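Input: a single structure, listed below in structure tokens.
In this document, chain identifiers A, B, C and D correspond to the written order of the chains, with residue numbering beginning at 1 in each.
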Amino acid sequence: MEIGIVGATGYGGVELFRLLSSYPGIDSINLYSSTQSGEFFQELYSHVNNEQYTLQDLNPDKMSKQLDIIFLATPAGVSSELTPKLLEGKAKVIDLSGDLRLKDSRTYTNWYKKEAAIQSVLEKAVYGLPEWNKEAIQSAKVIANPGCFPTATLLGLAPVMNEQLADPKRIIIDAKSGISGAGKNASPVTHFANTQENFRIYKVNQHQHIPEIEQQLKIWNSETNPITFSTHLVPMTRGIMATIYVELLESRSLEELIKLYQKVYENQPFVRIRKAGDFPCTRDVYASNYCDIGLTLDERTGRVTIVAVIDNLMKGAASQAVQNMNLVLGNDESTGLHQVPVYP
Amino acid sequence: MEIGIVGATGYGGVELFRLLSSYPGIDSINLYSSTQSGEFFQELYSHVNNEQYTLQDLNPDKMSKQLDIIFLATPAGVSSELTPKLLEGKAKVIDLSGDLRLKDSRTYTNWYKKEAAIQSVLEKAVYGLPEWNKEAIQSAKVIANPGCFPTATLLGLAPVMNEQLADPKRIIIDAKSGISGAGKNASPVTHFANTQENFRIYKVNQHQHIPEIEQQLKIWNSETNPITFSTHLVPMTRGIMATIYVELLESRSLEELIKLYQKVYENQPFVRIRKAGDFPCTRDVYASNYCDIGLTLDERTGRVTIVAVIDNLMKGAASQAVQNMNLVLGNDESTGLHQVPVYP
Amino acid sequence: MEIGIVGATGYGGVELFRLLSSYPGIDSINLYSSTQSGEFFQELYSHVNNEQYTLQDLNPDKMSKQLDIIFLATPAGVSSELTPKLLEGKAKVIDLSGDLRLKDSRTYTNWYKKEAAIQSVLEKAVYGLPEWNKEAIQSAKVIANPGCFPTATLLGLAPVMNEQLADPKRIIIDAKSGISGAGKNASPVTHFANTQENFRIYKVNQHQHIPEIEQQLKIWNSETNPITFSTHLVPMTRGIMATIYVELLESRSLEELIKLYQKVYENQPFVRIRKAGDFPCTRDVYASNYCDIGLTLDERTGRVTIVAVIDNLMKGAASQAVQNMNLVLGNDESTGLHQVPVYP
Amino acid sequence: MEIGIVGATGYGGVELFRLLSSYPGIDSINLYSSTQSGEFFQELYSHVNNEQYTLQDLNPDKMSKQLDIIFLATPAGVSSELTPKLLEGKAKVIDLSGDLRLKDSRTYTNWYKKEAAIQSVLEKAVYGLPEWNKEAIQSAKVIANPGCFPTATLLGLAPVMNEQLADPKRIIIDAKSGISGAGKNASPVTHFANTQENFRIYKVNQHQHIPEIEQQLKIWNSETNPITFSTHLVPMTRGIMATIYVELLESRSLEELIKLYQKVYENQPFVRIRKAGDFPCTRDVYASNYCDIGLTLDERTGRVTIVAVIDNLMKGAASQAVQNMNLVLGNDESTGLHQVPVYP
């Protein structure tokens, strides 16, 4: 089996490389970079072992024939162009960018300020949220790997939305992310002295993950209204927490709600539901593929608070992509993903 | 002028000491500790200069006669007992704990799980939010200095609540705090390895600051319903951000809202309102008495998001107490509080 | 194969559990705790998966017969007592504490302020630094796993000491460690607010790892004098850097020195030598078993600066213990240790 | 009194602005920037209060006549050009860059890789280490404010060097600094994800502060040899620790050494000496002008370890510049510098 990682020098690519390095049965990992081809990977990343990986130039024709799985860990706007060519051979494509997630190309252009992928590719692309789309993923030729915030938010909201329990007109999501979500580019926002001992809000109601969340919520409940969605920058490197506020359409006890969540996810190896009174923190899933969920019902207000945490570079990107690869290849869904979270 | 700080070895007390050390016209600062009396202050806190401060034993009788201002920076349950005695002499009391904030003693007991202060003291105690209670503070004998979360939340909500613009039945506050809010006691939660590279939620809808916020909101709008209120622990030492979600009862443009906020606070030296599209971060107010506020209106949902930041040990505790002292003494409200925030 | 971890709830034990959870061919992992037996492991550590591990009471008799490998991840003073009983059956013992490292029991008592293990066990115990003691480890019944500071220091010094190139009378080691080295107990030193944005020196020339380093240095050069050794606390969770200052007894160029290091370690899978001008940082080995070494020669002073980094919980504790287990079992030395360092 | 800050938008300039904002008796603070003139200061730095400061264009002629004190907080190479013109009027110049510190222009060029200032200015420039050069500073027209590492190192070494107690041929300094020392420019090294949970060594024996340290040491002992000097990057924003290793030429007890340090600095308001067994951490001097020093003597080796800490942006830059301004103006040396360190 031959694997390719396009955009190997970004955080998503580096994390994929780490996971695939110990994945069983891979014959070769090929690393591609449009800007740094010819360089040795470990010249750029000294944590990588001494084996020599050279960054290769992109050759979509050759790649689509040679490779079995191609991961695209590229900035917005790249995979919309690349994917049509990569799909011409035997290769299956797993796209970690946002380019193939939105079915409506105008929505993409509105939020991403870029031209969308061609319609035929958008139609072919399967939304890779394994816990809710397993069958379609298994037979997909191209997968749109979900965004980090949508993964946490959707896994947290799914049971109450799917059961039509949550008021679809009043969904408020207060999301928090570590700095790695901003990528490896140096900027004032990622400067240590501006981030350490600081807490920041950004892209209030303007994050490009909003239409992705709404698109899926509407599948579960077609009456879903636009959501309120804030993102905050936590002075840490990895981790996302989505704190979600919903109102119930029908009365339920906290015990009933937790039972619902446990039942919905009982056969999903990577979603773990907490007991009443217990909430996950981001450390609980560090460097793993887990999504941990806790919830509570406030008897004074009748509102439900749902808390979902993931590692943004893992379940929010690279390890979820490997989970999708497992499904595409017909492997056990957990292959290569048995890591216990790193603690402390 | 003679000043006393009770509970001088906690974070609030140490911060008061720092501020009062360079306050003009103080003749003596007296430090009290029930558990460590007799020890030298700089033995405990090596950052303090070499002048010798000895921690004194509590003697309410003597203190009430000798001291002009007594700050109580003590855990819940202490000032409810101490204050009646301290009020017998000339001293004025500024209480940084939660003991004197709630007018209803049953509410106090429900949330603090302790016996409340006697009714006569609760009635005398003036809620020390200077921007909204200046006159009462100026003539107060005893002041209940607001909690850190209530300070940020109330300053953020006040203009829209006071103007009856915000739906009082649907107020959601997602608050975040640095670790110093948990105090100086070592515990698993404050252990560095459990906090660094971690983001945690705690006391969901159960924080003892909830009734304090609701009490004041009801003054502004008597139809205020119970609020939804979450607190999160940010891996940093200082700083609070309250992200507040409200629905408007009447349509307003963002420009109108920002003008309202600017007008409401135009004569308040410590509240700064951001322009449209600009939000404060906690660094903007680090080690200062400022509360910075930004807001936005989402045209897709009609909801308003208000962001208020403070330094929890300053405007959320010690420097707000000094602001109250200034009012009580008839000094300029900004005396001793001209610090530019420390950056970076 | 049955494995036991004694002291499973400390950082070393938790890390061993993480590594052994994905180690091939283990039939059962047994977790022991003298203080928390009967509790579920995942009640204490919510990052651990849902499988049920119950903490067991210590029963040395049974353990020595039932288990193949017993890891002792216990505080000083425990394994000196336990080991004799654990060695009575088939079990082999790998001790992560300092109890069995020093051959001279008086030296142990001087530095650890505790009674040493009995002489027969001290004699049997093999010092588990695989890069320099492989054969003895392979046939050992009981292994003294090296301390974190000695591991980094000794791997950094070994080539120049072993070749009699470094002046054994003038060795200065300035070591730095993340907070996890202080263990999971909450204390003022591990409190986040005392550690974040702080840099601290501790145990100057008094760290109990000093005699362990000197004992091994004397094996390489019997004329080794007492070393100067400082430890500092870095505001991070994991990682150790030892900055080592030596003077050369014979002139060598930097190229010659680097070639020496490369040659000495060329068959050691977990030691990586940097090129001239390049130094490792602690991130380069995060959550891995690597020790990365860089060095330079100052032509102005003739002194050599050697920099060695490890993850203190991995190569400095748990993963080095697994490396030792591999040697004891006759497995490939890298089994279960192929992790690429976590980045970022 | 009119003050100018050139390079007002860098960390040194911002810190000067903060300190001078509450300095008594200043009529106007003028901020200059060659790249951002015309912009409002608080557009760039939202922590600054609402008063309007506009960044001005550099006009050396006008500045030298209008201003009483000009601070140069500029990158290397700027003040060597600017200073001659600025000295033509009444203004006195305090240069925070390295341009005027080295008396020998070839040494400057060797280490800074830039052309040195003209000889007449280098001769006029007084090295602004107040504790050791007070008289010369008081009558200076232009002051070379010391570098951050030299300040900590020299204050730590001065007593034993000045008394000819330390072997001048064997001085080893292991220095550590927070990230703000690298300035505000965004780069891979200052990226949060590369710095958080990481510890890094850099410029081993190559830091441009080395000749500055050696120049002063030679004043104290002309037989001083080149020093060994390493710098490390600590994952924190502010703070420097210099751990200094020296050998004694004559035997002294620790008590004698500490008495010497106490005596040498007894009239210096900003140097604090710790008792035997006690060492300062960087928090102890946070956001203050203090330099705290602790030391110990290892009886096993006879070597002395000296630890000196400062806040690199304060005593290592801005507040030391204000201390020098005080001396130049004939004010009390502590004017405007009474800040108690910020804790926690």
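Observations, loosely collected:
Operating definition for what follows: a contact is a pair of C-beta atoms (placed from the backbone, for glycine too) under 8 Å apart; a residue touches a chain by one contact, two chains touch by 3 or more.
Quick caveat: nothing in here was measured; it's all calculated off a predicted structure.
Shared contact partners of chain A and chain B comprise C, D. Between C-D and A-C, more C-beta contact pairs join the chains of C-D.
Farthest from chain A, judged by the mean position of CA atoms in each chain, is D. Rounded to a whole number, the gap between the C-alpha centres of chain A and chain D is 47 angstrom.
Averaging Cα coordinates per chain places chain A and chain C 36 Å apart.
Annotation: 39 Å between the Cα-based centres of chain C and chain D. With touch defined as above, residues shared between interfaces to two or more other chains in chain B number as follows: 11, 180, 184, 193, 196-197, 235-238, 283, 286, 344.
Of all residues in chain C, those touching chain B in their complex are 11, 179-180, 184, 186-188, 190-193, 195-197, 235-237. Within the complex formed with chain C, the chain A residues making contact are 11, 14-15, 17-18, 21-22, 45-50, 180, 184, 196-197, 237-238, 272, 274, 278, 280, 283-288, 292, 338-344.
Note for the complex: chain D touches chain C at residues 170, 172, 174, 176, 178, 193-194, 196-202, 204-205, 225-228, 230, 232, 234-239, 241, 243, 245, 279, 281-283, 286, 296, 298, 300-301, 303, 305, 307, 309, 344.
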